[in-house]
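Each of the two complexes below includes subunit A, the first together with subunit B, the second together with subunit C.
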Partner chain A sequence: MRRLRSAGVLGSVLVLALAMSACGKSTKAGGTATVLFGTAPDSLDPGMAYTTQALEPDQTAYIPMLTYAHVAGTAGGKLIPGLATALPTISADGKTYTMTMRHGLVFSNGRPVKASNFTYAVERALKIPWGGSSFITDNVVGSEAFASGSAKSISGITADDATGQITIKLKAPYGAFDNVLAFPSFAPVPKGTPFKNEPTNPPPGVGPYKITNIVPNVSYQVVRNPYWAKEAIPGIPSGSLNTINAKISSNTTANALAVLGNSADVFDFADTIPPSILAQVPSRASGRYEKVIKNSTYYFFMNTKTKPFSSELARRAVIVGLDRNAIARLGSGFFTPACHLLPPGIIGHPTGPCPYGDPTKPELAKAQALVKESGMAGTPVTVWGEMRSPRRQFVDYYTSFLNQIGFKATEKIIADATYFPTIGNLKLNPQTGFADWNEDFPNPIDFYGILIAGDAILPTNNQNFSQVNDPVINAKVNTLGSLYKVPTSSLSSVASQWQALDEYTSKKAYTAVFGYASFPKLASNRLDFSAAVLHTVFGWDWLTFKLK
Partner chain B sequence: MRRFVVRRVAAAIGVLFVISVLTFLIFPTIPNGDPALRIGGRLATAQEIAQIRHEWGFDKPVYVQYARTMEKIFDGTVVSYTQGVNVLDEIRHGLPATLSLALGAGFIWLMLGILFGVVTAIKAGRFADRALTVLAFIGVSSPPFFLGALVIYYLGYKAGVVPLGGYVPLSQDPLQWFTHLIAPWLVLSVLFIGIYSRVLRSTLLDTLGEDYVRTARAKGISERRVLARHVLRNSLIPIISLWGLDFAQVIGGGAILTESVFSLHGVGQFAAESIGRLDLPPILVVTMLTAFAVVLLSAIVDILYAVLDPRIRLSG
Partner chain C sequence: MVIDSGTSATGTEFSSGIPTELLGEARERASGLGPYQLAWWRLRRNRAALAFGAVFLLVLVLCLLAPVYAHDIAHTGPNDNHITQTVKVGGKLEDVVNSIGLPIGPTWHSRFFLGADTNGRDVAVRLLYGGRNSLEVGIVATLITMVLATIVGVVAGYSGGLLDGLLTRALDVIWAYPVVILGVALGAILAVSGIDVGFVKLKGSSLMVPAVVIGIVYVPYVAKPVRGQVLGLREREFIEAARVQGQGTLRIMFSELLPNVGSTVIVFVPLMLANAVLLEAGLSYLGAGVQPPNPSWGTMIADGISSIPAAIHLVLVPGIMLVLAVLSINVFGDGVRDALDPRAKIRIGR
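Now for the complex of A and B:
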């Protein structure tokens, strides 16, 4: 172990020297940076954390069995081994995953990590329950019984502490299960950690840092894990900073100004830079600001089970006439107009033109004609939306647009906290409204399996708002569908199939996709901007932060 | 006095009970306001939602849920639905910032409100009156989020004379405590100064025309003494009443906008964030705290009434 550390130090010195001679600029190890968030994390306990504000710090302190390459762009979506020695081996029937825990790992409290700590973390996440628990309960044998309390353990997971081998049995092949193993919520935690959310005292984990000094909704610190250096894992940076101070400040204008004025170092990418200061950001923060597209899709759902959008012509009218440029302006330019459900960073994103013309050139007259042709002109439509800006404005525009093309639209705006539970209630049968999806992981099934698959139509928490139940799509993405089973590592071999499927979905006009969101990457002039990664999955990758 | 205290304590218990019941009952009436759905998140299955509902007791009758929540509030174990943090701990953390804001701002708006009120009354119809009246209207019509944004941009970002927000405890660094609070104090005070000066001006002008004031002047008492002892003392009664209620509201988390704009992390900001999440336990506790503060300050104001005007007794 000691040798590893020496090699690491030597390597760092060499890399640093090379970087200095090659680029003529220097970065320094150590130091402190301050990250500002407009919103508090839901919980820093990995067993509960689901928001980006929580996952960013958790990625530094809770390395899962698998993780993602710490690089920018789509390459950051590549799975690499985390605490596992290698990516799992998958049985021929796709139902058994086998992996081995690295030897000699220790938690940030100095206690050794065993294979069974992984099982314990999964059980804990199910009992809390974590927001993405269904990724386990839908797939792993015996997990539903454990979650409901009728079993004492998850029969589908076995762990051998002596060899470090972990075997997971799935009910049916689920190709994206590799991605599921990369959630920090399933990163090993010590046995005995209570099966409840511990937001102020998160459990020890394995990672370059640990989270400490938590004052809920105010601040916390990420400091070096003293046990990390002994166990450097290939592909996982050890981080340059000694301390990262995270501060929660609800005034995002003040946060942006603090980073612009270099009194803080990082602006949360999930916050919006207020339009009042946005214009001056590119000039004032030259070289330390850019817009980064992440894998998310924003769209208006159109319920195919009820009038008027049971008519394909009516749905096409919306897609043809929607002014995506106007929506992008309402979003302060943080939208790229688009028409396909899969965003560009996801395998299967179509590269060809949109089926109903250029999305930046709306054809209002054609849309009006299509509504007439559909026989749905004058149909009352309730448009659902959230209160928060700019989503409210998107819905305002969309409602007036629907009226322009011949419907009788009225909007129904409800509180953000109840929006998705409301429109996800199948009894309500909402006609149309705002929807979005930000990837859980970079895999097309994360979009299709939840938003479009016929078996994703659920009575409660339905996310298939358009209620698409198309046999062509279902054959591919329902459970046991041909694309549903394809392992993440083989996704590129079926890219053309995904592309064809996404083109088919666009042609059927099931959703009125209006764009892919981009996010502000804004940092102080103290931080090495080119080294800092705004990662496709992690958000800001704190392990890449360096001071100049 | 004893009877007065007993009555006030009984009234406080009654008010807190009614307010807590009303606040609690609002939540089940919100469409799709089931907290289990929000705790579970967008991907929670029906089984998980049922599990959450059972574990949190949301499947019990409303009166049982109310009783359990109140029990947890009083034994200090009540936690937020969405964040899992102890609500009373959060309020304990936020209270110093809120108290600091309330005490400083309350002092400023009371003193400047009285000063401007007196000046405008004495100089009624003259330039000083008109100028201060315009300023008062500007103050009354400037919402804290707007003024706060201007202060943060021009005095914080451009001039660098005040911090961009945040709160430093008095015990940690008194100077930083003061510099972090000076802008919120002024922003919060502006609205109240405008209101108080207008109310006091009007009361003073009425009082100046009273017979007893003419009598005092006829006795040859100096104008300053007439103003201080006879006019101002009587005119302050509505101001004290107003101040008590406003101050109580700020202590109880009423300065939501000011606390949020300056990220003071006080009780008001906690309340605002909890409202955004429709998180019942924090909203319930903050509402009860506000009600308690209003009842307590009202009692103190009643005592002050008796000091200002001996004709008022504390019997009822």
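Now for the complex of A and C:
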């Protein structure tokens, strides 16, 4: 980038143009790019935003106290200081986090940033309330009282505006708390920002860009923040583009074709490229399309508290006979067949083989025999699923498969928006169905603490759909468990313990994991594809976008 | 130019609509025929209606033979997935669904004659089973509509007063909602919870759920014209005569009014059937009708939408069948209407 500018000063415009065209890898600063989304963000207000469509733009405008390295692959899961001067220091008992706000920061409205703006952002997120507020209320002293209205402030957070020091006291050690501090929802916002969701007028933040011109469900713009102190924060790019236009259209086929045809620049990774045009993508988008694996696990939950999956043999039958290759095809080849709950990018992912054989070689006869042996043959099973493609197709296949191995399965497909709240209602006691988990942060506790731990079984919004309450697992991962307390920075020291635990979970056949998803990284030929990062946590990292 | 064919013994009025050039023949043939015989005579002369009636019959028979086709020709069920299997086409093996999820097109052989869908299911088998489901829902819905609408229309029209007011307002409430929106709302709720009202217990996945929903939302469209006809009939002499003879209200409704609204009800049957099949397809397309994995023409179109650029047969095949079925019912229905009451101008839907 700098080299090009120098050339512009030294040479003529013609020479510059020739140089640029001759050098395919040259990029230029400035310019505008267009990002297409099939789904609108839940809210662009960081106090409410929780979907990838919202967090992508918010990462450019609301830098949190901690953030992630702006690099591709698993290295992108590494925490780095954001607005904090360094990663927090953690007390010996793991219950006190201390960090310091950088000096000289200003919001995008020009007002100075103080340490207490962090506290204010946390309070605001709890009051709105943000979808992940339990990360705070479950852990920070006094936060529940504040959220319920019985306290005027969060007693467990103190901020000194003079020194910039922030101290957070936890009720009990929670190893992933530094990951919690990396959510843009807890990025500082000015005091006085209303304690309500402001989707069309999000508050000022600290970041290279700010979000403006919001037309709900249609479009918005991300433009440069004039107050961003360039390169003031190591590791956080200032961004190359002047403007990023985001457009929302539910026609993902048209979106993909627009990017293929270079009339738009970025296809939302969370959207599916329809199989009907997928065949032409590799040839039409050579050098600007690839599949990127992100940390996610796709599985069928099997309710261990009710027939037929209260029987371990019945659960094993599913795992043994499930044709993961078939599911990979239904997912247009965007799934890697698998059997373990923890995906490869998460510390603790087992390196050993699957306990019930190669997941790409289903054994239907063995599965049928196991169902007979379990005594559950002919048991009626209701399979729950979502409407959207290819998830419904997964469930269609799964239902057909369950009937093949001896159950009497029928489907119940419900609207996407109500699916997880519905099956998360414990009263419904769903027997089996589709589920997935995409990391909130790269830490195994994000999977186990929510999907498998006994104390994660909740009356509503339950995510432990299999209702696993295994003492062996609980001893490691619930609020009193040993692995629960290990800080993210020390995870590698307990990798083998996590591996052993995940192997144990696979052996107990609690969930029928069928694969890890990869996502389409598709951009126009205007964009520098190699520089643009499809980040493991952020999704598309807009700060890495550059025009060729 | 039309001539009046007179008034039947039961008081039902018909007009023939026979062109003047056929007047002599009509007079000759019509003499001594009852109203329904006369209608049948008229219908037989309407070749377009008969041809489309035959088309509908053909579609119906094909759909009823779905299990035979599935078992003896295609050797697969409507919900059997063959995602990772191969099929021999032109001497070489081809994936039923390829590695990026694209299904095979029509093979023109017994297996996958019309190709496969994204789950590797035989489209021809699903098309016939889907037709069975669509027509079953349509026929049951039409029955529900006709029975409920006739009862409500006759009771409201004959009773008058408060009961008429209440029933008419209830019909107005249903009428006030566009049928698709009302159908989607009811269908989406009932598809999850099912129906559990007294002795009526239906699972959410039951085909009877969309049938009940469609049957109910169309009641006003038939009940109102029936009520209107009954309002006129109740002032007629033969009703007065029945009252004077001491007949009770129920008997008058059943034996005097019902036969007189019969032709109106019959005229509505094919029109309602066509609309019910269409609405079923619409609701299933939107996920509020027939529940997966059961096929219906609507769900098949919905499943195929995302594959249009590369596998257009997934949408075309059920689409053509839907058009054929609805068109044939409509044209045949028009013929029936012309035969029963050539002056009537009945249209459903808005």
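Observations
In this section, the second predicted complex is superposed on the first by the 522 of 548 C-alpha atoms of A that agree within 3 Å, B and C clash if a C-alpha of one lies under 4 Å from a C-alpha of the other, contacts with A are read in each partner's own complex, and residues count from 1 in each chain.
FYI, a contact is a pair of C-beta atoms (placed from the backbone, for glycine too) under 8 Å apart; a residue touches a chain by one contact, two chains touch by 3 or more.
Bear in mind that the values here come from a model prediction, so they are computed numbers and not experimental data.
Once the two complexes are overlaid through subunit A, subunit B and subunit C fit side by side, free of any clash as defined at the top of the document. Looking at the shared chain after the overlay, A:415 reaches both subunit B and subunit C. In the superposition on chain A, no contact is made by A:379 with either subunit B or subunit C. In the superposed pair of complexes, A:258 makes contact with subunit B only, with no contact to subunit C.
Between subunit B and subunit C, it is B that contacts the larger number of residues in subunit A.
In the superposition on chain A, A:524 makes contact with neither subunit B nor subunit C. In the superposition on chain A, no contact is made by A:238 with either subunit B or subunit C. Once chain A of one complex is fitted onto chain A of the other, the partner contacts of A:390 are limited to subunit C, with no touch recorded for subunit B.
When the shared chain is aligned, subunit C comes close enough to touch A:330, but subunit B does not.
Using the contact criterion defined above for the overlaid structures, shared-chain residue A:143 touches neither subunit B nor subunit C, since it reaches no partner. Between the C-alpha centres of subunit B and subunit C, as seen from that of subunit A in the superposed arrangement, lies an angle of 30 degrees, given as a multiple of 10. Our summary of the superposed model lists a minimum C-alpha distance of 5 Å between subunit B and subunit C.
According to the touch criterion, the shared surface of subunit A, contacted by subunit B in one complex and subunit C in the other, consists of residues 253, 276-277, 414-415, 422.
Residues of subunit B touching subunit A in their complex: 30-34, 37-38, 40-49, 51-52, 82-85, 89-90, 93, 148-149, 152-153, 156-157, 160, 164-166, 260-263, 265, 269-270, 272-273, 276-278. Contact residues on subunit A toward subunit C in their complex (touch as defined above): 253, 274-279, 323, 325-326, 328-333, 387, 389-390, 392-393, 395-397, 399-401, 403, 410-415, 422. Those residues of subunit A that touch subunit B in the complex are listed here as 40, 42-43, 45, 48, 50, 129, 131-135, 137-138, 144, 147-148, 196-200, 215-218, 247-251, 253-254, 257-258, 260-261, 263, 276-277, 414-418, 420-422, 424-425, 450, 458-461, 463. The part of subunit C that touches subunit A in the complex is made up of residues 79-81, 83-84, 97-102, 118-120, 188, 191-192, 203-205, 287, 291-293, 306-311.
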